[in-house]
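Working notes, structure below.
Chain IDs A, B, C and D follow the sequence of writing; residue 1 opens each chain.
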C-alpha cells in the first residue's frame, strides 16, 4: 500500500514534466517540413490527386488548426487513448505494445550486463588501485566509453556474424523455424547477445568508473576505520561494509540514465534490425507519424518514470535513511 | 599553475590523452596544408583499398573521395562540434543550474521540472526530432546537440550552488549588501566551475559521439567531411570494404578517448583530495 | 600498577612534502591497567596519530619508522596483519570522535555490535543478540530493544556514542582507546558520556587511553595526563600534578588559556537600545513537491531581546536551540515569520531590497567557520575591501582601508595579496573580523566566532573582540554554545532552548543565581567546572 | 570410366546453370512441391491491399494474395488472370471484361462481377494512387451477369493503355468484406483476403508476414510452395548477411547495398539479375527550379548536363549490368513507346559547359565559384545519394558550388513539390508501362501544388501540354507512339527535366529457385508456379 502511494506520488510529481514534453514535442513537430500525408505519398510512390490527399488530411485530423489538434490530442490522452497511427494503420497503443517487448528485453539485458560487470570490475579496480588490474580495467573502460556504439555493433556483425558465423546478424528471433519452449528462448537469447553488448558496453564503462571512484571514496570513510578497528579482514570489510554504501551512487545513476539508454537503443535497434521502440521512434519521426511519436514519447517517459521509481525502491531498500523519510 | 601542470603530468594516462588531443588538433590545423583540395571532391576511382594506390594511403570511399583527406578535415569538424556544442550545453546548464541552485524554492521547482522533462525524454530521440524539424545543416546539428546536452551540467551546477549558497562566505557577501547577480556570477560561480569544467569533457565526448550517431542514420550535414558521415557511407560497403567505416571509427574512438583522458587528468589535478588514487 | 600498553620511542614518518618529517617522534608512553590516561594537545600535535599507530590503522603513506608498541608482551609494531586483526576489537578497542560517520549508516546497531562476536567468537545468533542487548543496557541506552533494530541515523548523537561504546566493550578489551569521543557532542551530553566512560572503566577495570584537546575534560576524567606538541611528548604525570603545577611552558600556556567560569564585575554601558527584537519567530517548513515528506521545525519562537548601545549580548544554547537562526534573522539572511527587528529606529522588515542593502553598513557579521566564510578564490585584501567597494568606494581607497584594517586586527598589512588558504585558522578569523569592520558597523553579530579554533587561539581572538569593542564603541551580539566563552566577554546573556529564550539577564546574575532548570544543568555540565572555577584567572574582557 | 562420364555430365550441368537459361532448367527438371519461400521485406507498409495502394512494397506481399484482372506474360503482353477476355467498343467508351468462373475468395465466397464493380468504383477510382487518374473518366461499371463487367467511360479510353495499366492498377478486392465499412480502416487492409495462390496468415510488425498455400486455387494443382515468409529487415547489410546465411532466398527491387549485390553476384550460390524487373524501369532525374533565374536560362541547364560525366558515374559507382545512359523520359525497355529516332542529348563536355556558363554571364568569383545551388536528393535509393555527391563533385569542377540539403521522405516531397524551396532536386522517375500513367505528369502543367512527382518547377510549355493531351486520348497505337516521340523530343530540347541514367531494379535470388523472374513484373506477380529445388 505504501509502495502504491509512493508510486502515485512519483507519477503525480512527474506529470508537469510529462506535459511539458508532450506539448513541446507536439509543437516542435508542427514546424517540421511535411506531414504524415506527405510521408504516405512517398510510400505510395505518387499518383495521389488533390482530392484524395485532402481526404487523407481530413481522415487524420490534420485539417484543423494546431491548437485544436493539440486540444484533441490531450483530451484523448486524458481518456487514455493514444490515437491512431497514420503509417501503421492501427491504434498507436497496439503498435507500441508490439514493439515494447524487444526494447524492454534489450534495455533490461544491457542494464543487467552493465550493472553486474560494472560492479565487478569497479570493485576489482578499486581493490587493486594503481595496480596492473586497475590499469587494464580502467583503460578498457575508457576504450568502451569512447567507442561509438553503432560502430562497435557494425564491427561485431562483421566479426561474429559474417566471418565467424557464431551469432545472427540481426532480428529478434529466427522466423518460420517454429521454435518453441526452451529452443525459442535460446534462439531469442542468441539474437540479443550482440545488441546487448553493443548497448551495454558504454554503460558498463560508466558504471565501472563510478563504482571504482565510489569504492575509493567509501574506503576513506570513518566507519571503514571502525570496521578495521573491530578486527575485520579486508574481504569482509568490502563485502559487509563498503559494497552496499558504494553502490548507492551507481543506483542513482541508473535512474538518471534510463532516458539515455532508451535513446541509445534507437541506434542499436537500427543496426541489428530489432523491432523495438527506438526504431519505431525513428520511423515515426521520419514518417511524421505524430500520434505514434507522441505515444512513444509518452510511453518512454512513463518507462523512465517507472525505472526511476524502481530505482527509488531499490535505493530505499539499500539505504534505510531514505526509506523512513519517504513515508 | 606550475603545480597544476606538475600534478597533471604525474598521470601517464592524462599525458597520453593530451598527446592524442594535440595530434587531433595538429591534424585539424594541417589539413589544408596536406590536403589543399576539397575533401569531398572526386579524387579517384571509388573503393580503392588503403595502400592499393600510393596517392590514397587510406584508400577512397564509395564516392571516390580520399579517406585520408576526410580524416584530416574531419578532425576540424569533430573539434568544432565538440567545442561549440559543449559551450552551448555548458552555457545553458550553468545559467539554469546557477539560478535554480541559488534561488531555490519555486524558481528551482520550475526549472527542475523543465530539466527533468529534458532528461525524461531520451535525448537522442529529441535530437532526431530537432534535426528532422530544423534540417541537418551543421550549425543546426551543433546547436541541437548543445540543446539536448544541457541538463546534466545544469544539475551539476545546481548541486554545486546548493552546497555553496549556504556556505558562510556567500552569507558574508549578502551581509555586505551585494547584489544577487554579483554573488552568483562573481563569487559563487568561480568556485562551482571546476567540476563543471571537468564534466565539460564528458559533454564534449558525448557531443562527438552524438553527431556521429546522427551521421550514421544519415541525418547529419552531407556538405562537410565529418567522420560520422564517412561511417554512415561506409555502412553500405561494410561487408567487403569495411575499412571505409573502420578508419573514421578509430578516429572518433581516439578523439573521444583523448578528450576523456584529458578530462580525467584535469579532474585529478584540480581535486588534490583524490591525489594518489 | 603494571603497564598494559607501553609505547617506546615510537617514531612515525610523514610522506614527503608534509610540513614536518615525522608525525610522531620518539614518543614514549605507558598505559597502566585500570587507569584513564589523557593525551592532550592542540590540532596537529600527533595525539590522534598515536592512537592510530597503536592499532596500526595509519593512513596510507604513513608508517612506523622506529620504536616498539608493547601490548601484553607482544610488539604490535612488528606484528603480522592477521595477528593485528585478532587484537583489534578483542584486545584493544577504539571509539571515535564522530559517532555518526563512525557507524555504517546502512546496517542496524544490533547488527554492528553483533559483528564483534561474529568476528572474534563462535557464538550462535541468539546468544550474539542476547549479548548485544545486554551491552546496550549496560551503556544505558533508552529502550535497548528498539535501539538494536535502529539504524544510526535514527539515534541521537549521544545515543550513537553510547552504541559505539557498547560495541567497543563487547569483548571486554583490556584497553579502550577513545579518540575525542565527546568533541562533537553538546555540553550536557558530553557530561553524560564522560560519566559513562568513567563508570564503565571503574566497573570493568579497562585501561582507557583518552585523547582530547580540552583541559576541562582532562580535569574531569584523567588519572594521568600526557601533553603533546608537534609530535613530541612534552610532559606527562599525575593529573592533579600537571594541572596544578605544569612544568613545560607549552602546558602552562595551554592551562592558562583555559577560560575561567566566573563572571567579571559588570561594565557600564548606555541604556539606549541599538537593537531590539520583539516577538521574533521563524518556522521552517520542509515541504516537498506535492507535500512529500513535509516537516515543520519551529526554529525560533517569540523571542524578544534588547541590545543596549555599547553592550555585548551573549546568546547561549546547545545545537538545535535556534541561536544561529536567530542570528540570521537579525542579519536578514533569513526572513522571520513574525515579529519586529529594529535597528535603532528602523524596522528592517519595512525596507525595500535596495534600502536593506544600504543598511547592511550598520550591522555586520563574523562567521563561525574560518575556512568556509572566506571565498577561497579571492585575495585577503579584496575580501576586506569588497564591502566598501559594494557601497561605492573606489578600489584604491578600499584597498588602503583594507591595509589599515589588517593592522587593526593584528595582521601584517603586507599580507593582503595572499589567498585565504595561506593563513592559519586564527588569522583567517581576523580577516573575517576585518571584513565586518570595513563598513564601520554599529552592531557586530558574531556567530560562534571561536568554536572552530584551538584553545590558545580562542583566547587571542576573544581578546581582540574585546579590544575592538572598547576602541570602536561597537555593540556586539555573540552567539555561542560555550558558556566559558560567553562569560569572558558578555554583559548580558540569553539562554535558548528549543527556539525559546528560557532565561536572560546580566551575565553575573545568570551565572551565579541561575533561575531556570536548564541553565543550571548547562552550568553543571561544563567539564572541569571545579577546576575552572578554582582557577579564577584574570578576566580578559576588562582590557 | 563410368565415374569420369558422370563427372563430365555434372560439369556440363554446372555450365548450363551458370549460363542460366531458366527455360532450359525448366525443361530438365520436374517441379518439386512444398517448401518455404523466404523474402526480404525492406520497407514496412501501412496496408497490404494492392487495390488501395499501388507500390512495389505492397505488390511484393499483396500480389501473392490478391490478383488483378489482367497480368503480363513472359513477353510482356497482357495475359488473362481474373478476366478471361476483353473487348473495346470502337469509340473507346465501353470496355467489356469476361470474368473467370469458379474462382472463390479465401473465405470461401465466390468471386463475381459485383466484386469488380465495387473495387473499380470505390477503390480504383476513389483511393488507389494512379488509379484515380487512369479511371478519371470511368462513369460506371455495369454487371449484366455475375461474370461480365462493363466499364463505361465518358471520354475515349485506349484499350492498350488500360491493359497496360491493369496489371498494377487492376487488383480486385472482395465486396462482401469492404461494403458498408470505412475502407481506409478495414482490418482486411493489413490482413488481406483475395483469390490468389497464397492465403494470408499472420503479420508481426517489424518482424515478418506469413502466407500459406491456398488449396482451392483456381489454377489446378498450383501453387507448388507451402508457404511464403516475408522477413522485415530494414538494414541492408543485415539483409545481405541473412541472404548469405540462407535465411532469405530472394531480395527484390535493389533492396540490398550495391556493393553487396555486386559481391553476391560473384557468389555461385546466388544470382543477381535485372531479369523479372523489366516492367519496372526507372530513370534518375535532375529537376530544375525555373523560379531561380539562373536555372530558367536554358544555357545553364545545358551546361549542368554537359558538366556531369554520366558514363564515368555508371562505370565506377553503379554498374553497366543494370544502369545505362538515359536518353529521355521513356526508357529503352518500353519497346511500345521508345522513340526510334535519335533525340537531343547532352554528352559530357566540360569545355562546352564552361563556355555555356560564361555565355550566360556567370563568371568565376571568389574561389572560382560562379554561383551556388542547393541540391535536394530524395532519401530513397543508395544510387540517389551517390549521384547527388557526384553532381556536387562534378559541378564543383566547373565553378558551381552545390550544397546538398538532406531531407527525409516527407520533408523532401513537401520541400520540393509543395514549398518549391530548392534549386536542384534529384530522384527517380518510375515508368509504368505507358507514358500516360506516371511519366507525362512530370512535364504537364496544371497539377495542383503539392502533388509529388509532377511538374512543380515553375515552367509552363504550351507546346508540351498540347502534345501530352493529344497523345492521352489517341486511340490509334501507331499515332500514339509518334506523339510520345514528339513528347521526348520537346522535353529533351527544352531540357525541362534531365533523365541522365536509366536503371532496372536488381533482384538477388538463391540458385535454388525455379520459375523465378519469368515475367517482366515477377516481383509483383503471384508466384503460382514458383518452386524450390532441393
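The working rule: a residue touches a chain if its C-beta (ideal position, glycine included) is under 8 Å from a C-beta of that chain, and two chains touch if they have at least 3 such contacts.
Just so it is clear, the structure is predicted and the values come from calculations on it, not from any experiment.
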- [ ] Give the identifier of the chain nearest to the protein's overall CA centre, each chain being represented by its own CA mean.
- [x] A
TODO: Between A-D and B-D, name the chain pair that shares the greater number of C-beta pairs in contact.
DONE: A-D
Task: Chain centre separation (chain A, chain D; CA means) in Å - done: 39
Task: Where chain B and chain D are represented by their mean Cα positions, the distance between them in whole Å - done: 45
Task: Whole-Å separation of chain centres (CA-atom averages), chain A against chain C - done: 49
- [ ] Would you kindly tell me how far, in whole Å, the mean C-alpha position of chain B lies from that of chain A?
- [x] 22
Task: Sites on chain D at which at least two other chains make contact - done: 237, 241, 407-408, 411
Open item on the list: Quick check on chain A: which residues sit in contact with 2+ other chains?
Closed with: 32-33, 154, 157, 162, 270, 285-286
Task: Two or more partner chains touched - positions in chain B - done: 132, 135, 235, 238-239
Task: Pairwise chain contacts under the document criterion - done: A-B, A-C, A-D, B-C, B-D
Task: Complex contacts: residues of chain B adjacent to chain A - done: 13, 113-114, 116-117, 119-130, 132-135, 205, 209, 212-213, 216-217, 228, 231, 235, 238-239, 242, 245-246, 249, 252-257, 260-261, 274, 277
Task: chain D residues touching chain B - in the complex, by the definition given at the top - done: 236-237, 240-241, 257-260, 263, 316-317, 379, 382, 385-386, 388-390, 392-394, 396, 403-408, 411
Task: Sites on chain C touched by chain A in the complex - done: 55, 57, 85-90, 93-94, 96, 98, 101-107, 115-116, 119-120, 151, 153-154, 164, 167, 289-290, 292-293
Task: chain C-touching residues of chain A, taken from the complex the two chains share - done: 9, 12-13, 221-223, 225-233, 236, 240-241, 244-245, 318-321, 324-326
Task: List of chain A residues in touch with chain B within their complex - done: 14, 16-18, 20-21, 24-25, 28-29, 31-33, 129-130, 138-139, 142-143, 145-151, 154-155, 157-158, 162, 216, 256, 259-264, 266-267, 270, 278, 281-282, 285-286, 293, 296-297, 300-301, 304-305
